[in-house]
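Each in structure tokens, the structures are laid out below.
Same chain, two partners: chain A is paired with chain B first, then with chain C.
Presenting the complex of A and B:
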């Protein structure tokens, strides 16, 4: 699947970057916010995809890392201050948030990754529930009363535009990492784990180490997104960052776009968010039904997601179907 | 001491209801190998049907269990023969996880549109009576709910052990191919298993309705509870569901009493994760051997 980077691809990426940079000039605050949320969701889905798509370990509890990232950042900022003003004040707290999420992942990785399939998925769900309830009920963590993060927006810039750029950069970073991984030994090891973990282990792939690496990397990126999301909220309590629908959306976006592909999560997020936030923004009552029906239809009609369905049309039928 | 006994009793009563709510999930997991994330919706649908029967026709939920079970049996059978079957045959058994998840969202939304998002409760005439044994008190509703759960679980266990259909179901669970070579219609048995599971879920929902408040959004909790019960007790058998359910009920009651009512979920999942790591097959193990 991997191809050498072509000048055309580099050119397309540059065009996309320029379009993203200039878009806010032409759009109103509402649409900037929708795009901002799209970048955030796509970045999360891409991070989830590193573990869920490449390695085939579906986590149903990635919201834990969003929450841990956001709360760690807030507690660091409240205790030590950001250092500097404006955007620079974000750097240390966001780094702390990201490292905390990655650190927690590192601690739970070894026991949890011994579980497979649905058991891993549900165990992760359990971990996220435990993290949320502890944050909410342990007094020091202040999840119940909420925490504050100072606004990092530079003077004279609307906050939605600032976070729009921030999340766009984050999505770019996630995509770059996902693209790079696919081209290295790391990526091949993860795909081998997804296809047949026991055989991979037998053939000398250090499955344990690669799985843990993918898990920690995925958690760190999710934690980064969570910390920045915390900044965009300014004030938040447990359940504004530990949201079950975040966990689920990451999976749904990947699934609809094409799980385990580079662009699948982004395409899935774009499609579903456009549908629910823009086209059907007046029909809040039926969002859940539409999302559910889309998921079912995607699995029944194109089990590999949109990208694979489109990619496979001209070719012969592949030997294997979709991911795990 | 009385507090301890009272807590234990509350936990066991709650656990009996958890067992019934989980046994259908366990059956599908054991026999067909599918994790049915629509399970909680069937439970809540049963509760809503009981509410309608009680408020509009004055039928007691414990009697309503029968018609509700019949309706949900038909729904479950049709559901397996169409969507679940398509998902398994076109994609994979894993894909069915996602499909049932999507269908749960659709069904939950439908329930919300029909009945509204408010929390509902059924209050039968005997709703506020209780019996006392020494210092320990128990509500009549909870006692009735527990009794009904035990009767249904026992009936299911007898059916699995003694009837032809029960044997056929266990045969299909162990070796679908061999079972079909012996002349069993595997697809029909899958459908009937799903129907039965939905009927059991609906019956448990009717019973839950008189004990606890419910809304469409609580379906997630019932699906998760079912999963935890199955992991604790063991897959596929009524006995496993009973043990897992009682254990979960005790964990809930004791955590709420001695640790803090807000931490029951955390404690439940802590035990779940610990159990998955130490004894992933559950206390009683999988009912149908190593074939799954």
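Presenting the complex of A and C:
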């Protein structure tokens, strides 16, 4: 049931990689920052999509894993970092951040994933609020006063350019994982769970196990993004990383681009960020209102997202036989 | 016919005050096409839910291939060789017919290999090879029912529980479904069938179990069942010829 990778796709990926690598030469710091934030957002949305899009388990609280990743990295770096600098100094703290997010997901997965639909979504919202309040109010976690991560930027390189590359690599990694999953039993299991979980069980799909795997993987990638984001901030408090708009944006980007598809989250993030950060930045009074209206219009007019709407253009009249 | 592939002793299910299934015994002989009939609300689907693990038993015991099922998870029951075609067809609508069947082939056995060949064989048995690349949400009711059978067969079961596979089908579709179930049996799979269409049931089944209000009413060959006064009283309401087409 798997298709071989098409040469055209491989070529396109190579062209994209070269373009991403060379773009900073032609761009100013502002646009590099916009692209950096785009890579970060697209990576988050792609990670969210593994659980929300592939398996149909919408989380309203993925900001929890951004925050956990960032705080775990910072506390590890402050405790054991030894004051080293340079990109290599990030490796251990980012790994700790990623594994902490994945570990928390593993612990809460079993009870939470027994909930379906809106109940799971709301439970995740609760989890993210609890995690945020814990870092804010438990003294040793220092969320109230803030934590530090030393700058990992190599000498002579502007930080925005360094993080631009870092987030681009992260997005590439998320896309690669999302692409690979689609081609395995794991991908089919998640699809079956999304389509009809009860039926999937009777077809031998160990639904619980696959759901937990998707949740932990999604959280680990989100935690990785969170830890790197923490580095890009340098100093942060609870509310700089536990941001409700992060949780919401992951969902909105997927909805706009095409939920459950490989490229949908990236396309959604590209469109919406380009719109809000570049086009509408001249209309600061109304830009949030226009953005909101566009989101509503997209969801109403193209419920499957832009990717599906474009894909269905050639067959606007679906060939359906009989009634169901 | 050899020994029972599936057997139940004292199978009972209560929902709070309501007793849905009470003290039902059954033995499904290996290789048979076994029928389960009863009026609406008799507990047929509840019994299938107990066997497949969607509901826990209140008391009693069900054994599959000699082993008590206990609290075995649903997916393990399937991997142990039990498959089910649901009464309300539940296709994966966004997937093609081939992908739907592939899911069964992929997960039905822990050692799944050669998924494509298994899926192709299951589609052939159910007679839906021609629909392989059609999306599941573009199928007719009759085609969906066959997809339901194909997907179950792709898990390579030894026992297929088919819950009203002919419900809502026209006579020619029903005849096709009967053919389909026969070809499933020819591959060595035992079939247990819930059905309202008496013509289908009596033409295809080796033995029939009748339940009414959660209790076992009768069991025997189709000829014995249609002649049983208790069955006629409770279910058919009249001898078969008069009841035909009116059941359900």
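In this section, the second predicted complex is superposed on the first by the 305 of 324 C-alpha atoms of A that agree within 3 Å, B and C clash if a C-alpha of one lies under 4 Å from a C-alpha of the other, contacts with A are read in each partner's own complex, and residues count from 1 in each chain.
Criterion: a contact is a pair of C-beta atoms (placed from the backbone, for glycine too) under 8 Å apart; a residue touches a chain by one contact, two chains touch by 3 or more.
The structure presented is a predicted model; accordingly, all values stated were derived computationally and were not measured.
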For A:55, select first, second, both or neither according to whether it touches chain B, chain C, the two together, or no partner. neither
Identify the partner contact of A:293: answer first if only chain B is touched, second if only chain C is, both if each is, neither if none is. first
Of the two partner chains, chain B (first) and chain C (second), which one does A:117 touch, if any: first, second, both, or neither? first
Is it chain B or chain C that touches the larger share of residues in chain A? B
Taking the superposition as given, does A:195 touch the first partner, chain B, the second, chain C, both, or neither? second
Which parts of chain A are in contact with chain B and also with chain C? 321-322, 324
Can you name the residues of chain A that touch chain B in the complex? 111-112, 114-115, 117-119, 122-123, 125-127, 129-130, 133-134, 136-137, 244, 248, 251, 255, 285-289, 291-296, 299-300, 303, 321-322, 324
For chain B, which residues are in contact with chain A within the complex? 35, 83, 86-87, 90-92, 94-95, 97-99, 101-106, 108-110, 112-113, 220, 224, 227, 231, 260, 262-263, 265-266, 269-270, 272-273, 276-277, 280
Residues of chain C defined as touching chain A within the complex: 52, 54, 73-75, 78-79, 83-84, 86, 90-95, 98-99, 102-104, 106-109, 112, 115-116, 137-141, 143-144, 151-152, 154-155
Please give the residue numbers of chain A that touch chain C in the complex, ascending. 1, 185, 188-189, 191-192, 195-196, 198-208, 318-324
